[in-house]
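Letters A, B, C, D and E mark the chains in the order given here, with residues in each chain numbered from 1 onward.
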Amino acid sequence: MLEEPSSMEALIAVIIGVLTACGVYLALRARTFPVVIGLTLLSYAVNLFLFVTGRLTVGQPAVISDQAVGYTDPLPQALVLTAIVISFGMTAFIIMLALKARAELGTDQVDGRLDGGDAPNERGREHG
Amino acid sequence: MLEMLLSVLIVVGALFTFIGSLGLARLGDFYTRLHGPTKATTLGVGALLIASVLYFSTRGEGLSLHEILVTLFLFITAPVSAHLLAKAALHLRVRSIAPPPPEAEDPLADTRVRAGD
Amino acid sequence: MNLFFVVLIPFLGAGLAAWVSRFGRLQSAWMAGGVTLVALIALTPSLPAPFLGETLVQRIPWIPALGLDLVLRLDGLGLLFALMVLGMGLLVILYARYYLAERDCMGRFYGYLLLFMGSMLGIVLSENLILLLMFWELTSLSSFLLISYWQHREDARTGARMALAVTGLGGLAMLGGFVLLGEMVGSYDLSVVLANGELIRSDPLYTPMLVLILLGAFTKSAQFPFHFWLPHAMAAPTPVSAYLHSATLVKAGVFLLARLFPVLSGTSQWSILVIGAGLATLLIGAYFALFKHDIKGLLAYSTISHLGLITLLFGIGTPLAAVAGVFHIINHATFKASLFMAAGIIDHECGTRDMRRINGLWRYMPYTGTLAMVAAAAMAGVPLFNGFLSKEMFFGETVTFSANHTWDWLLPAAVVVAGIFAVAYSLRFIHDVFFNGDPIDLPKTPHEPPRWMKVPVEILVAICLLVGILPAFTVAPLLYVAATGVLQTAPPDYDLAIWHGVNAALIMSVIALIGGILIYAGRRPLFNLATKLEGLLDARAVFDGLLKGLLALAGAVTRILDTGSLQRMLLVFILSALTLGTVGFLGGGAPLTGDRDLLPADAVSLLVTIALIIVALWTVVLHRRRLTALIVMGALGLLVSLIFVKFSAPDLALTQLSVEVVTIVLLLLALYFLPQYSPAESSWPRRVRDIGVACLAGGGAAALTWSVLTRPYESIADYFLENSVPGGGGANVVNVILVDFRGFDTLGEISVLALAGLGIYAMLKDLRLPGPTCDARGRPWNWDMHPVIMAALTRLLLPLALLVSAFIFLRGHNLPGGGFIAGLITAIALIMQYLANGVEWTHVRMTSNLHPVIGAGLLIGLLTGLASLVFGYPFLTSAFTHVHWPVIGDFELASAIAFDLGVYLVVVGATLLILVHLGLMHHASHPGEQEPNHA
Amino acid sequence: MLSIAVSIAFALVSGALLLSLFRLLRGPDKPDRILALDTLYINTIALLVLLGIHLSSSLYFEAALLIAMMGFVGTVALCKYLLRGDIIE
Amino acid sequence: MKLRLLPHPILTPVLTLIWLLLVNSLSPGQILLGLILGWAIPVFTLRFWPERVRIHKPLTLMRFLAVVMYDILIANLAVAALILGGPKHVKPAFVRVPLALRTDLGISLLANTISLTPGTVSAWLSPDRSFLVVHGLKVNDPDSLIAEIKRRYETPIKEVFEPC
């Protein structure tokens, strides 16, 4: 994929790839907090991806003016702008679930095991 | 002439920014490192912003002074962050070359554990 | 347009009937009756048309693109059924008003009933097949509600569920059939379909289409082997049974057969399937009816058998047979309804439906007895009653049909057997209930029911008699137009006389009568045989088996996927996404790299890229030291926003920066209540596996990005770029898109944000978590809650920050900025005060109640949208104008600004709500550590 | 000449960026990392100002302004966490 | 908290000025807008202010600012040299600077000035606010440093903000 090592496109592709990889790895951890951080990374990756579907243009913001030589595609930007804000809402919601779980189950594990290693449904019965 | 001045300002600013980070990277303990950035912000960024003021003001689109605001912001905030960082470091009993003032450290704190990670 | 009212009125009435029940339980009965009458009146203007031989079609365009209009038709067949549905409806409503007990909620009953009536009318009046199907499904649903009316009874629930499942599945099959049919003729309009019989019958897909449609019809009218749901539906209140199983629900199936008769009939497939099903149903129903001890059970099976009879008639496929079929539809409706009602009265009076205990009621209710006898006689096909006429036509048809076949005696013989059993069970219904000794310990001593409860029965019985004795002067015209409606041409000559001289049909009738009496006399030994057979011939076992299997499967799948382990589920999700993506890509066979010319990278970008990669990796490496990972992640967000800046998206950069900080604050707040370090618990193999998956995912994402970025693309951007200034009155296209072009989306998004905020607030309300009293290394927290220097200077900063956010907000329409970013800045500026000075201090100085802010924001957004509606523009079109003030100069006033204000308020409100209340949770969890909070 | 100066400046600032990054990743103590993050923010401001001059567009000014604000807030929040654990109390 | 017509005599013009800086224009419209904001924002934020800031002796303030600027410039070079010189040249030390200032704002300003002027960072404020712990990067003679700070910075700040 890097047959053009010196092109911006390649750089962006690599960045998104790395962000996704790290996000996925963290999302696969056994505790809530790393998962949340992983999801944040993933949302970076996704937002970046959506943004660059408008292709890369340097120094041509979509602000109408007479001396502008050209404009980038504003639509993905508009979509991503809200996406960023919403992703904050999502993070907040997830972290809140994490706290709730912590309060109700007394643990921040999401791998279905307690430290004792008993089945999740056992735990469910204890608390519900 | 103006271009000359601009260039000088830009390079000087960048240089100080660099030196600030250099200090951050090189110096021995946290408290000495703390000095680096504080300078970089003041002179380095300051110079760059002045350069930008000059640059945009002389492009015939009228005065452009709003960079000054950034400087203002930094002048108010940077010292505060520095102070807080130092306070936190003292609280965590971060290793220091200079003997830390005893009263600055929490009496209850357990002196054996090293601070931070 | 009156037909639409006919259909619509019951639906509206349903709501009314349910509503008025609050003013007394009888009100809803009156309302229901009134509604039905109104519907009847609405129908009257169209009554003449069918008699003049025309077909009314009324149309309201709906989704023309899909060939889907709201279009109704009224021809003979439709008229007949409409009258039956409404007329029978009236009688049932009257009857139910006395039948229902005090504790039964009348509003609900009549609501459901009218709902069902409306859907039924929809079926019989639809001109469009798809429309018909919708009403078809509606009848399934509403009948479900009616059958399960007594929800407290287990059998009612199961019966209703079974009915819904069977008829619903049939409906699905029918949809398939209809689609095929519509594709064949290129239209879903019945008139077109009915006009193209030849075309359809010669179509290669005729057979599957036929099978699918027949599935629908057979399930609905309880044909073998789908008949089993009907007896279970007897758990419904008797009025419901009287309505559903005499004139309406089960007749929908035969109605469909009649409706499509001209198109589908006349092929060997049709004859085999329909005759086969009909005959089997006729025999089985007739046979089991005799051995049911439950009165309603007996009637249920007899219904099944009569439906079989009608189906069989349509299967025979000759015009005369069709006429006979229609005729029997009418007759069956009348006598079966009256019998159900009679059964209901008996049940009502005796408190039981078991014929082994109900005996010799003649002494207690001779009048009802008489009525029942007449109806039963009609059912048995005794001369001078209407059942006799149609049955004789039926016998005749079977003979003529099989005349020129080998085995020509078979069909007639079979139907005679059925006839015999029909006579037998009718006889049992009378003899076993009204004579045959004395009642055996009935719950209550029976007596004649209230006067008006018998009226419906009387009316129906009267019809039975009149039609039976004077057919030519009563039913003839209606039958004629109905038959015309079925055949779509004038029906052949037929004679409705009672006496045709001695012919095959008459002989068969006589045999049936005599045989029936004999069978009934000697029924005892047959009972146990019946009980054995029933299990074999009942598809219920299959049904239950399927149901069980389905549930088991679902359970198994759930157990496999949902182990309570998020990792497991995520893994499944990611892997399947990966496989799908890979398959899709490789399947496409397109090259990875497109032919778009690329931007050369400069040193700084390369450097930033490397930095970003390192930071990302480091976040992973350090992830177990949570705070550290968080700090490092802060750098990540910064670098990402740098990318936005670089590729000319200043708005995004600003947003990203602000969100980054807000997120950090949020995560810090949460981290306080969570462990500071994650233990190393995942084993090495697991880590390796995860790393593998992660790398795959990353590679996939990178490849995807690369292949997207290297391809040229078409964008609708030009439209926005051109119309931004003239249309939206703003130079910052991104912002104009947000507040104008795609304003509706934005409205949705801020609603989501508001919901998130409120949801979190709700979750936090009763959440108590003990925060640690010392940090991870056991050091006590610093004594200094609000360091003076920080406090003093942040206060100093507040006005500045607010000014900046006002700046960002106001310029947003023309330069990078806008409501979202300004909102975030304000929120952060205020959060700063919380950070530096604490909650109490801040709440003394500003409101802690943020819901109004959010509400106001949403409201403003909505109102600006509506305002543009008021001015006749589409929702959320921004209006703007330049006003010139002397001295001061030009000002632009854009409604978009107002909308942006809404966005701003919501963002501020939601963000603060989340963060501040998360902060307050600490106080809730640590009462007394500081002064009580103001939340 | 100006362009040369700018490119030199870019090089220097990028260098500064890397150095701060090194400190961020290296630690050793949390205050060190926070300090490094703060510095990173400030370096970014410098970078943006340079970019503005380089592309001679003033659209990057707000970004710089915001970074100045946000960097401060982030640092304060993190320090407060180190000091008190509960940052909004 | 009563709402004066002009809540803050200093803040309003300052904010208006900053606004004009932000929008880079002097059009009457912007001036008006600036005034509106300059009036409106204090109305809201005044309550957040610990005490109403009064400035006595503006001239002293000016001189003070000039001094600070000059110090920043000069001392930056010194620190730059130190950093380039490497770790071995630094001679860090914590010194206690007893405080004459009393108000939050005064103390904060002093602390900031100290941190801004290179080579010194105000690290810790004693709970009783009697002294400020300052970390110096290269401290040869603590007492002279303290004297310097008190003379160059604390005195003018006290004169400007806390005349008693």
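One rule holds for everything that comes next: a contact is a pair of C-beta atoms (placed from the backbone, for glycine too) under 8 Å apart; a residue touches a chain by one contact, two chains touch by 3 or more.
Treat the numbers as computed from the prediction; the structure is a model and nothing was measured.
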| item | value |
| --- | --- |
| Chain E omitted: connectivity of the other chains | one piece |
| Number of steps on the shortest touching-chain route linking chain D and chain E | 2 |
| Two chains joined by the most C-beta pairs in contact, as defined above | A-C |
| Distance between chain centroids, defined by C-alpha means - chain B, chain E (Å) | 15 |
| Chain B and chain C, separation of their C-alpha mean positions in angstrom | 64 |
| Chain A and chain C, separation of their C-alpha mean positions in angstrom | 35 |
| Length of the line joining the C-alpha centres of chain A and chain B, rounded to whole Å | 31 |
| Interface hub residues of chain B, defined as touching at least two other chains | 20, 22, 34, 36, 64, 66, 69, 72-73, 76-78, 80, 83-84, 87, 89, 91-92, 115, 117 |
| Chain A residues counted as touching two or more neighbouring chains | 59, 61, 63 |
| Multi-chain contact residues (two or more partners), chain D | 10-11, 17, 27, 30, 34, 59, 65, 69, 76, 80, 82-83 |
| Pairs of chains in contact (touch as defined earlier), listed by label | A-C, A-D, B-C, B-D, B-E, C-D, C-E |
| Contacting residues of chain E [partner chain B, same complex] | 18, 21-25, 72-73, 76, 79-80, 82-84, 86-87, 90, 92-94, 96, 111-116, 118-119, 121-124, 126, 133, 135, 137 |
| Parts of chain D lying in touch with chain A, wherever the complex brings them together | 55, 57, 59 |
| Residues of chain C defined as touching chain E within the complex | 783-784, 787-789, 791-793, 795-796, 798-800, 802-804, 806-807, 810-811, 833, 837, 844-846, 885, 887-891 |
| Partner chain D, residues of chain C touching it in the complex | 603-604, 607-608, 611, 614-615, 618, 627-628, 631-632, 634-635, 638, 641-642, 645-646, 650, 653-654, 657-658, 660-661, 664-665, 668-669, 671-672, 771-772, 775, 781-782, 784-785, 787, 790, 794, 801, 804, 808, 815-817, 821, 825, 828, 831-832, 834-836, 838-839, 915-916, 918-920, 922-923, 930 |
| Chain C residues touching chain A - in the complex, by the definition given at the top | 563-568, 570-571, 574, 592-593, 596, 598-601, 605-606, 609, 612-613, 616-617, 619-620, 623-624, 626, 629-630, 633, 636-637, 640, 643-644, 646-652, 655-656, 659, 662-663, 666-667, 670-671, 673-675, 678, 681-682, 690-691, 693-695, 697-706, 708-710, 713, 715-717, 720-721, 724-725, 731-734, 737-738, 742, 745-746, 749, 752-753, 756-757, 759-760, 763-764, 767-769, 814-816, 820, 824, 907, 910-911, 914, 918, 921 |
